[in-house]
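Labels run A, B, C and D following the written order; every chain starts at residue 1.
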């Protein structure tokens, strides 16, 4: 099945997180926003199980952050799950707002606020400058504080079965989270873009059961996980030479720990190109030969923003590794060997 | 100054975290436990500022986790801070206990518990099986819940100036955290080793102002950050060849995002060997020549556990890249060129 | 056409040279000695023209000598001629005899001897020790002296139209050359194996028009010429990495001058393996992509002696680059991409 | 001792060969033509023995020909001799003339001519077109025919003790050889530049006992011989990577047979740069570490013609491997390690 046929898409919840924002972007881009149901879930493992079982048709998860790098929980869950493939990506700016129920509080009168510890760390400098009197109260997600606050403001505020306890008398007056959360839960934005890294972005991927591979677009990314036996010196170099010999560039590489004890390293890699292009196919076959283990996680179009950046700063594919060069090499060999 | 002269060492607080456990291990190993003051701090940036200003003599931070990989906050703060060097490392098992004030509650009667969201994620399966009725309450660190609970149990429970608000009527009955936290705050352990990854470990490093480099021990690690210009294809391979040409192996490599906009990649690398060994010195000089930027973060002895593992599974240094081979090559060249 | 169908084979004459000995070996090995006519010719260019025009069906030429390395005249003529392929090889010991018409002279009474200047250089030490009184007379080939001497002894000795002048009163009494020459022209061997390098060997190749490629035998050699543009630094390394990425080893590499002026280098290469094996085919296609020019000169079985030596001292093909590994990689990729 | 102090220089004789022409060029360039005695010798081994024993102060030999590549006899004698170093090079055009005693014969009346078989091969096309009636008579060197002819013409023509027999009635009327030979022996040039490769050149090197290395000029060449153990796959690639990691380019590489039996390969290499430049020194030390054996044969200024060509077509040394980059890398490392 392709994304176009999807009816239900899971995302890392709760509602109104940056992940839901990414899913909304993806659905909008494919004109599916009105026809696809968005299903919040609690963890990558839960989501991937749901995709495999058919409970949902796709799942959207964060894979890489411009400040923190790769997202370990996603990379590891993808590696462990098997039988899943990335079919699309979206890049979303990480932009925090401070919000409260309309008319209840101002920056000057704010006494307490809630958010996830990561978001608190990224907005601490701004809060210390603009509302130094406000005391921090940790919550389980960036959207959770907004949800609880909105529910309490609306007169509810009961705990959900899957979430943390929250009393009707909520212990904080404002929430820090994505603008989508403020909008979703009817809060008023007191301040916008209060994070330290104002240009921060997160890259999200959409995962489905293996089936029809997305068509090459000329601006694609391929994600693989490669396991290397540690007892062969230079194994990483040897693996990279399989990419280099075919002119394949990488946009991300990370050595990942394995749970299988010592002596086995694995690398999570994003490479530029599509497995239906000759240079990528031959490079992956080469890695399959020399590495202990390789897992193909998908070839998919880059997000529009990424394509634009590459367009401006990089050259097109080296003609020596374009499909035409591979075809010409095969034709030459056929001719000289009478093949 | 060396670690032996240190009087005050900072660690990522609050007290009784895994980081303090690592610091205690390091001090014990150097017979410094009774003479060095342990100072909890709130963030890597705060700690590194304190080291640079001389407010403390050293700082201990997590750098790599066997489940999640490199610790972005540490790697980035080290890269950005400059003028700091790693002088030692310690490896600590990540082992969670469930603890409560003595005699107050049992697994069967537990209604609420507090911990950091990461720790909750890693112990969720165990809790759902053994105390499914208990509701989760997020806190700001793994030790925070224990501290608050211990303080309330002792009759106090006031908020600290740097921490989140906590009322005398604490909203949870038990805490999940390191054993050190339970011991520190006078809690009783209800269950031990309740995490999903029972073999998980975190590697911590001790950072000081640059000064006397630790002596080579034969089992050392060198940490560097290398920035590569993106407009030169194969730049990563070229950099790795500088290591390979001198037979230097890596134990960790991660591509790291930079905040400086697009077009500049940087790699955080742990390599095996000491900069006072010829192969490492020559490799680093080579990287300095070919890379846009390289930052030396220290050469330091591996933790004892790591040495033992390498001892068992790997060969000693290839004789072709041992210091003796470099000396012999220099002697040969001097002789044949009359140098 | 294959060697089995050949009726006329040219060799670098005159008759009874080491090249004819190689041709005799090859024909004997294929049970063709009685059915194939051996045709002496004067130069590589003449022979290759004759093969291309169909005047002969094959040509045997020296390609590599264990003392002097590659034979430039052959390598260059092969490169320039085009439309020819090597289909077989033979290795012949280079062993010189001193011979004279029966009963005419002894080592002690010898006053003059004739041979090609190269053979004189390789036997000078022996002659100075055993017949220091004998004066050297240069001739145009190692067999020429024996031919002239035999003809004179038989009462003839007239000059040939294509050869050097020789008078009925030949100016030398003995000849140094291959044993085959002594036998062919009815001379008596005065001394055997008088060269300096008693283990010297020459490798000869048999060249035909392109047609049916010899089948892979598991012990094959492939010969190519690769032209590299000089303005790309590291071009040679890049080309060798195309071989290394597929685990292809070389048995000979020589940089060759080109007549086309400066700035273009070319390399004559013998690699181990057959173009019908996946590793060699992919490596040659890779070289075709990255190099300015590549010429395929054939895949052919090694001489029996070479196979034996490799058998004893080297491992079989690395399983990671055997055809089975390439097939497995293709099957894996087809499966994971739904191909 | 340096070339400037030389009193006697050997060359590959006899007199008036291309090798003597190269020696004359070298002596002229150093203003030594009037003070240095030129001593013809018969072989590379004889010359190198004479240099080592002090009988002569230097020896000039051909090392590379633009048509035939490396000169095996020179490369092997240099490799085997040890304790010798190349201190200079000269490049001489290979240009053949046809010459005879003045007034004795014309192209139309020429019946016989003498020369070395190599020279006959390179002038055969011209002779067949312009003097098809002339019969070839082989001689031992390109200058020998001219010498004999000149001596006979002068009324002498006796054999020398080291040369082949020649009767007063010389059996040929004209000689093909270098213009220097015609001039030396008083012959008249009947035709000039009659070789097939009118742009052909030979590179000659001047060899001395090791002593003061020539100073770097910025346009230098370094010659080495590297022996590789055959039982390590990729040994050649590994060796070339030692050059590539320091940005050292090659101008010639040839695999050379060894007389030591099978399983040991050696490579004769000319690399661009001087051993007193950091990139070359470090690369050679690297090769010393990884290769089984390496022999340094000298760093010396390129011939003026070669410098001119490189000047026009190539960039200067890559700034990343210039001495300044090595110095900067060392300074950086000293600073960051407190060295």
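Criterion: a residue touches a chain if its C-beta (ideal position, glycine included) is under 8 Å from a C-beta of that chain, and two chains touch if they have at least 3 such contacts.
Keep in mind that this is a model prediction, so the values were computed, not measured.
**Q** Could you tell me which chains make contact with subunit A and subunit B both?
**A** Touching subunit A and subunit B alike: no chains returned.
**Q** Could you tell me the distance, in whole angstrom, between the mean C-alpha positions of subunit A and subunit C?
**A** 61
**Q** Between subunit B and subunit C, what's the gap in Å when you average each chain's C-alpha atoms?
**A** For subunit B versus subunit C, the centre distance works out to 64 Å.
**Q** Give the residues of subunit B that touch two or more other chains, as numbers and ranges in rising order.
**A** Answer for subunit B, listing residues that touch two or more other chains: 241, 244.
**Q** Which of the chains are touching one another, listed as pairs?
**A** Every pair of chains in contact is listed here: A-B, A-C, B-D, C-D.
**Q** Could you pull out which subunit B residues touch subunit A in their complex?
**A** Counting only subunit B, the residues touching subunit A are 43, 64-70, 72-73, 76, 112, 116-117, 120-121, 135-141, 159, 164-165, 171, 197, 199, 230-231, 233-234, 236-237, 240-241, 244, 247, 249-250, 252-257, 259, 261-263, 309, 313-314, 318.
**Q** Quick one: which bits of subunit C touch subunit A in the complex? Just the residue numbers, please.
**A** Touch list, subunit C to subunit A: 210-213, 241-242, 244-246, 275-276, 281-282, 284-286, 288-290, 294, 296, 299, 320-321, 325-326, 328-330, 332-333, 336-338.
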